[in-house]
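Shared between the two complexes below is subunit A, which has subunit B as its partner in the first and subunit C in the second.
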Partner chain A sequence: MGRKLLIEKAHIEGIRSFDVYRREGGYRSVEKALKTMSPDDVTEEVKKSGLRGRGGAGFPTGMKWSFLAKPEGVPRYLVCNADESEPGTFKDRFLMEKIPHLLIEGLIVSSYALGSNRTYIYIRGEYAWIVDILEEAIAEANQNGFLGKNILGTGFDCQIYVQRGGGAYICGEETALIESLEGKRGNPRIKPPFPAVKGVWGCPTVVNNVETLAAVVPIINMGGEEYIKIGVGRSTGTKLISACGNINKPGVYEIDMTISVEEFIYSDEYCGGIKNGKRLKACIPGGSSVPILPANLLLKTAKGETRMMNYESLSDGGFATGTMMGSGGFIVLDEDQCVVKHTLTLARFYRHESCGQCSPCREGTGWMEKILQKIESGRGEMSDIDLLWDIQRKIEGNTICPLGDAAAWPVAAAIRHFRDEFEWHITNREECLTRNFGLAHYADPLEVSPTA
Partner chain B sequence: MVKFSDEKLSKVATIIARYPEGKQKSALIPLLHLAQEEFGWLSAETMDYVAGLLQIEPIEVYEVATFYTMFNLKPVGKFVFEVCQTGPCMINGSDDIVAYIKETLGIEVGQTTSDGMFTLKVAECLGACGYAPMMQLGKHFKEHLTKERVDQIIAECRSNAAANN
Partner chain C sequence: MAEEKKLFKVTIDNITLDVEPGTTILNAARQIGGEVVPPAMCYYSKLEGSGGKCRTCLVEVAQGSTADPRPMPKLVASCRTTVMDGMVVKNITSERVVDARNGVVEFLLLNHPLDCPVCDQAGECHLQDLSYEHGKEGTRYEFKRRTFPKHDLGKYIQLHMTRCILCYRCVFTADQLTNKRVHGILDRGDHAEIATYIEKSLDNDFIGNVIDVCPVGALTDKTFRFKNRVWFLKPVDAHCNCSKCSGKVTLWYRGDEVFRVTARKDQYGEVEDWICNECRFEKKKTSDWIIEGPREISRHSVISQGHYVGMEKPKEPLSEVLNGRQPKLLMDIHSISEVNKPGKQLSMIDGPAHSTDFQSETK
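Take a look at the complex of A and B:
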């Protein structure tokens, strides 16, 4: 059993209420930080912990905080990114729904570190019932003196507000989120200036993911040096993984990042193996934007080493043979699934979610969907595969925000690793309407070249 | 005429107070949700009313209302089924769920039943991938859908509507 720092207590009866949460040791980090540490001490502790952003990009949180501009007399804002809309990802929802006070606690400590007196939780509009849960938790924290004016008599004032979005994946991108929070369309801004200098209402702003901010609680309680001992290399602490697809036990798991991918999929503690005794074909381990891998490359790296559930190992081999930790949205496909069709649903998703500001993204996502639809419905040509490849190349790196890349990568990886399946769809136009390509060679042991 | 009840108006004031002086435009999306709850959908008249409450131009409201998928710019049924069809739901049978709802209600995606009761929509990932297939129904998610579960949900909607009439 690995260490659990975030959701271990999520199943305790009544943990959603302040009293039970407090009885279980909640809000100690607020007392410790506000009474015994300076704001800079808190940032220093987070730096020491090695915590990396859990929203997808994995940027070191302490460093991000230290970039925050602090001009005299200008308010600063902390915004919690609870937009969670990346297909495969439902971990933030679990945390907020089950143990809302953990997020509120993390937000108070982080607001103190950053000097944010008004802190916002921007939550995807569809999580409407969670808004009620969070507002209840905030009200309780206010009643108990952990929010409001002069918190615990320390002179620090802070209020937390929940803002609902209107249904748009792009509002998870931090500058689009800021636009949306200002009551506008979610069009990402051109950077620089970065939010750390000019964010919400032109003021210095930090945007962090729900899980990142919750992780500040154990970091302050145990100290950065203890936190760093959990995990390996630059993958410190624990990570929430939301697992879905063809597995026996879909759900949200907290892992310390020293277990293997194989253990995560097959052990009863986690996914419990592939459903209906089927075999594993492919997996997207970090949310829809990260590259899909065939079973053989998922379980072992190209060098033949066991692939582990951490930032470094998942990305071992780069995009040629690796993938990414991303948001921790772990999507498992069994031998009966069609990679072409699955990729088509993702292409449709990105076309639907493109904000339309940049032509490579707006037009490219539409074309990728159309061509994939054509191949999937048995009308594809061989040249379509090259065309798809060409389009994704033209999107990548040529757009204002990373949604363009996020749309390009799944298509690129599907072609890179499953080209045979695409070709089979084209050479078997009738048959592909009645059956799928199957497992084929995707789980065969890899040949490891001695020089690799 | 479009107008919020006094209770809703006090909620409007609370929402606006969350933002610093002069930044009341930030309350736009929450107010559109409030308006949609009250009136079912966002007519031009409703959007103009919201613009007035926030002292912003009507075009600023239209821009936003057309950007976000949750806002209905046309009337919808009393109950809106929004079935997720993205990858993880697709591999767990969302296509069959959509087909079954179409057949049961006799409508296509995007249509409303003639009694004005149900609208069927498809949606992209709603953050419930581990509990697939699923749909959003108003403020809540209905997860682990099966044909039987869909029948049950339809029946519940009908009896709720009858009880409220």
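Take a look at the complex of A and C:
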């Protein structure tokens, strides 16, 4: 049984209220940090812990914090990115819904470390009821002196505000989030300048994911050196995985990055195997924008090693044979699922969510969707596959923000690993409307070349 | 003694020059000029915050700076990336850039109607030039293009979103030049559209400038729209004493009639001085203006066609080649044809040459 740090107490009755949360040992990290540590000590502790951003990119949090510009007389801001819109990801929702005080606690400690007196939670518009939960938690923290002026008599002021977004995926990108927070249209900004130098209202800003900020609490409580012992290599601590798709037990699981992908899918503690006794065909392990992998490559790396649930192992082999940890939206596809249709669904999503600011993403996402629609409905040509490949290649890396990459990767990976399924759709135009390609050879053991 | 300003050394396509710190790669390239200048569809030097959107100006940075010689992993938008000391930039010498630009041109043309012959912007359209220079022949897009109904923005300007490439220049213009912003973008993605909220008209003294900044035919002048082809008009610089603006304009003549008034545009299609609506839309008589002289137009532009006055005739090499002998003419086309009279000065005709221009001579 893996160790749990974040959602261990999420099921205690009444944990949403301040009193129960405090009784269970909540807000200890605020006392410890504000009374015994300097802001730089807190940053140093987070650096030591090796905590990596849980929002998708996996950038070391301590490093991000140390990049924050600190000019005299200019306010600094911490913004919590709760705009969790990635298809397949719902870990932050669980965390905020069940144990909101953990996020508030993490925010207070992080605000202290960064010197932010006004801290924002930017939450996606669809999470309307969670806004109420968070605001109640903030009010309780205020009443008990953990927020507001002169917190715990230490002279540190901090207030947290919850801002609801309009429900756009693009506002999860940090600069678009900042624009939206300022009340403008949520278009990503052109970087540089980075938010660490010019963020909210032109002031230095740090934007972190909900889970990242919540993870600061156990780091301060147990110390960075203790935290780094959980997990392996550069994947330290625990990670929330929101598992969904054709599995017996969908839900949010906290893993400590030492289990294998196979164990995560099949063990009763986690997903509990594939639903209805079907076989595993493919999986997207990190939310919709990371590359999809067929079953054989998912369970074993190209070198023949067992693939583990952590940052390094999942990305082993690069994009040719690997994928990414992403935001932890674990989507499992069984043998009855059609990869072409699945890719079309994702392409439609990205077309719909593209902000339309820069041309490759605005035009390319729509084009890809139309071609995929054509193939899916049995009107495709062989040249369409190469065309798709060429389009995704010209979008990737040429856009302002990572949405272009996120739209290109799923299509690229689907063609890379499931090209025969696409070809089957084109050669069997009638048949593909009535039946699926099935599992085919996607779960066959891989041949490992002896030199590799 | 004044402190000597440190200049940054930057190399673009193997041409090295010194520029002021804070200069963007694009502006450094413009200092060199010629082929190394990346094309720009959305960047406009006079509009703060413009650029970075169209991605046509992508360049490869092969060396970040002398201090940090690592190359940048992605292609960067040259209009928004400032130079560093010792930076090495590859524009047309980089295959990646040529390939990416090719892709961007294709993306820009994806939903743009390919009906230049009926578009009012033809001849002075940046997208037309861009696709001619950097695009491929033909399109691989086989689906329906997105279309929008035409909108009237006030009594002078018409918006046709079908042609828009969402460069945001007009939004910046409305934002920065006029004192009341009623102009922005609705929706997102490929169905985003430039709009005034609930059809509010743009009644502002300087709003006419959005026509000049528009790189395509999305925003057009209703007082000029479809009245004439730009290459049949003769641009002439003129000025007037205007209380609101600089009054420095280009008049577009056909014969002695002023068809339209625009701001003066430089070689990158950017206006030199903004002009007010009164100068642009109301003063369409020669008597309103003080004429300065013909405007110089790049010889590569179609607008310069038909401007033959002062042209030097090329040397006739035949007699030299044939050792003084004259070629034996089997037929002189001028003796048969009713048009193509060598004595007729095309530049002196008001507008496009027409058969009647030649008939009057023969009859």
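Here is the rule we go by: the second predicted complex is superposed on the first by the 452 of 452 C-alpha atoms of A that agree within 3 Å, B and C clash if a C-alpha of one lies under 4 Å from a C-alpha of the other, contacts with A are read in each partner's own complex, and residues count from 1 in each chain.
The criterion applied here is as follows: a contact is a pair of C-beta atoms (placed from the backbone, for glycine too) under 8 Å apart; a residue touches a chain by one contact, two chains touch by 3 or more.
Just so we're clear, the structure is a prediction, and the values are computed from it rather than from any experiment.
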*What is the contact status of A:360 with respect to subunit B (first) and subunit C (second): first, second, both, or neither?*
second
*Which partner reaches more residues of subunit A, subunit B or subunit C?*
B
_So in the superposed three-chain picture, is A:90 touching just subunit B, just subunit C, both, or none of them (first/second/both/neither)?_
first
*If you stack the two complexes on chain A, which partner ends up touching A:124: first (subunit B), second (subunit C), both, or neither?*
first
*Does the superposition put A:387 against subunit B (first), subunit C (second), both, or neither?*
second
*Which partner does A:270 reach: the first (subunit B), the second (subunit C), both, or neither?*
neither
_For A:442 in the superposed arrangement: first (subunit B), second (subunit C), both or neither?_
neither
*Using the superposition on chain A described above, determine whether A:242 touches subunit B (first), subunit C (second), both, or neither.*
first
*Once the shared chain is lined up, is A:397 touching subunit B (first), subunit C (second), both, or neither of them?*
second
*asked:* On the A-aligned overlay, A:146 touches which partner chain: subunit B = first, subunit C = second, or both, or neither?
replied: neither
*Touching subunit B and also subunit C: which subunit A residues?*
168, 185, 352-353, 355
*Mind pulling up the subunit C residues that touch subunit A in the complex?*
51-56, 58, 73-75, 77, 80, 99-100, 102-104, 106-108, 110-111, 140-141, 143, 165-166, 168, 184-185, 187-192
*Residues on subunit B engaged by subunit A in the complex (per definition of touch)*: 18, 20, 23, 25-30, 32-33, 54, 56, 60, 63-64, 67-71, 85-88, 90-92, 124-132, 136, 139-141
_If we count contacts the way the header does, which residues on subunit A are in touch with subunit B in the complex?_
75, 84-90, 93, 118, 124-129, 161, 163-169, 180-186, 201, 242-246, 250-252, 288, 329, 331, 333, 337, 341-342, 345-346, 348-349, 352-353, 355
*Would you mind writing out the residues of subunit A in touch with subunit C in their complex?*
168, 170, 185, 190, 351-360, 362-367, 370, 387, 390-391, 393-395, 397-400
